[in-house]
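Labels run A, B, C, D, E and F following the written order; every chain starts at residue 1.
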């Protein structure tokens, strides 16, 4: 495997379930974790719905993959940037999102939040700082 | 009442096939009739028996095939759309010189006239797509 | 002789809900399904447009799709009714035609 | 074949080439013509781009199917409703659209226009008058 | 260290062009491809938003996609440059990364 | 310069595969290198040899297969996405108990790690989708 360490950003702009992009994007993130790159996820526009708390797909007959976001911390994926304006426009608050946390091994395994709410200007800077941007 | 259902998208990528399937079940549960389910555009991709979805997920092709069998549904895959996307039955494979076919049980390949006929014969035609 | 309109996409992503609401006739029903259900949320940018139409025509949202996206009936714009797949079938049967805004 | 004669409306809301819906929708219209139903086409929103004059797909390497619209008259498909507001919003005029005509056998085969520009309110009434609405 | 942004959908159908323009940095390039090229037309509802950004960042449209949709360079908002696939490759190579607004 | 290309949609339904193909040709014409073309989501449907598009239309699968052969391109179909959508090679068919396969010449089925590797190894990664 290459020694290069690059900054990867996964851009999520689509709601879950209506299309499969959210689910298959997570599959890349999980596999990608093994490559030990710098990984961040961006939730912009309808992508914020992927993080909605209390998703229940039983009646729709689909697979509920929302728990996977909570497992990302164990894969060293701990930067989930959520855009504030995207929440606002949709009438959502950060409390409507599921808690996503990780255990900080450098701080006695304290549980720390992985969700980082940023405004649009900050999101633009995050995009501008990447080596690889993967959009689905 | 007699329904016709049109599915314009393939399985998994869009929810269209899921919604159409749940709608079809509800139609039958209410005692209505389904004249035909017509798979058009990428919808033809619902009709391949080569899919192997993850064990913990639904298998849409199987769900459609089983619904067709238990309720004698007519599942029609559009031939023109199927040719563009690589869905073949044994006849088509022979005709096109292909070495195999992938059509799933309960699906049949036929022309677009079947869609128009469904529009004429059914009381309601409901389209599911992207 | 009225119409059931279905909208399956988020109004924040696509123009289909706007286009649908621009083309409904009095007495029609609009059913939000799949990602379309997010358009019915109270306090969203789209709540006003939806509330304005609700009355001239009836607005519905598909419950299973709301649940999948972590939404409840109480999250919705006042007057939006929640139906399940059986209710979808009833609406299609009651109205004279179904128009899908794809 | 059934004796029923129904009103079919094909709703076109998507631009051509970016997706295949416009092309495959035309294939249904052509086949459907043999069934001798009442057929109309509606061009709403980005669907109006399907009728743009001077389409040239050579450099994009795609199949140019725009001539098919001009042939619809020969298939007795002579009502192509184009929404005025959809043109306006896109900075388009009816002169930007291709001429689509049919020969009127009841009027000494005079060439008559198949494109009918209607406003949004009229389009709503057209939808409300159909038996079958096919959207792609 | 700037970015090439690609937008492949009509701004009349989807929110991706708006979202892209909301997230560009000064010095970036935006390339409209596929159905996205219709957003560059003069006199359209979107012309103002595009013209406002043109300057802080450069706006391009893919010529083969314009031609397919019956549009010419002269139909476009002033300052929008037309490139072919080779120009697309050059833009991708010049910028440090490519961000697709899908 | 070294490019990686990602194709997220199948042929015909969306223009993504066409644009990616024209882009790939332009990359090669400029003397750049293509490290890999990765087909994900419905993009895996570009890799079936069962397609029979109309005679007067382009054959996207053939165009990709030919470009791969003439420029020794690495065309990788994502295995997880392929399983959901019914794209199989001989190995996968055997492993899954399917009676045939449909992978096209020049395409190979492999894991998502190949996409990450492409992101690491290429100077630019360009995504084409819906």
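In this section, a contact is a pair of C-beta atoms (placed from the backbone, for glycine too) under 8 Å apart; a residue touches a chain by one contact, two chains touch by 3 or more.
Bear in mind that the values here come from a model prediction, so they are computed numbers and not experimental data.
When the C-beta contacts at B-D and at D-E are tallied, the pair with the greater total is D-E. Averaging C-alpha coordinates per chain places the centre of chain C 33 Å away from that of chain E.
Centre to centre, using the average C-alpha position, chain A and chain C are separated by 29 Å. The multi-chain contact residues of chain E, meaning those touching 2 or more other chains, are 8, 12-13, 15, 34-35, 64, 84, 97-98, 100, 102.
Residue numbers of chain B whose C-beta contacts span two or more other chains: 8, 12-13, 15, 22, 41, 54, 80, 84, 125, 127, 129.
Across the assembly, chain D contributes 13, 17-21, 45, 60-62, 131-133, 135-136 as residues in contact with two or more other chains. Every pair of chains in contact is given here: A-B, A-C, A-E, A-F, B-C, B-D, B-F, C-D, C-E, D-E, D-F, E-F. The touching residues of chain D, when paired with chain F in their complex, are 17-20, 60-63.
Interface of chain F with chain B (complex): residues 10-13, 41-42, 45, 48-54, 61, 80, 83-88, 93, 96, 98-102. Remark: chain F residues 12-15, 18, 21-22, 54, 56-58 touch chain D in the complex.
Within the complex formed with chain C, the residues of chain A that make contact are 13-19, 45-46, 49, 52-62, 64, 66, 89-92, 96. Here chain E touches chain D in the complex through residues 8-10, 12-13, 34-36, 38, 41-45, 47, 63-65, 67-71, 84, going by the rule given at the top.
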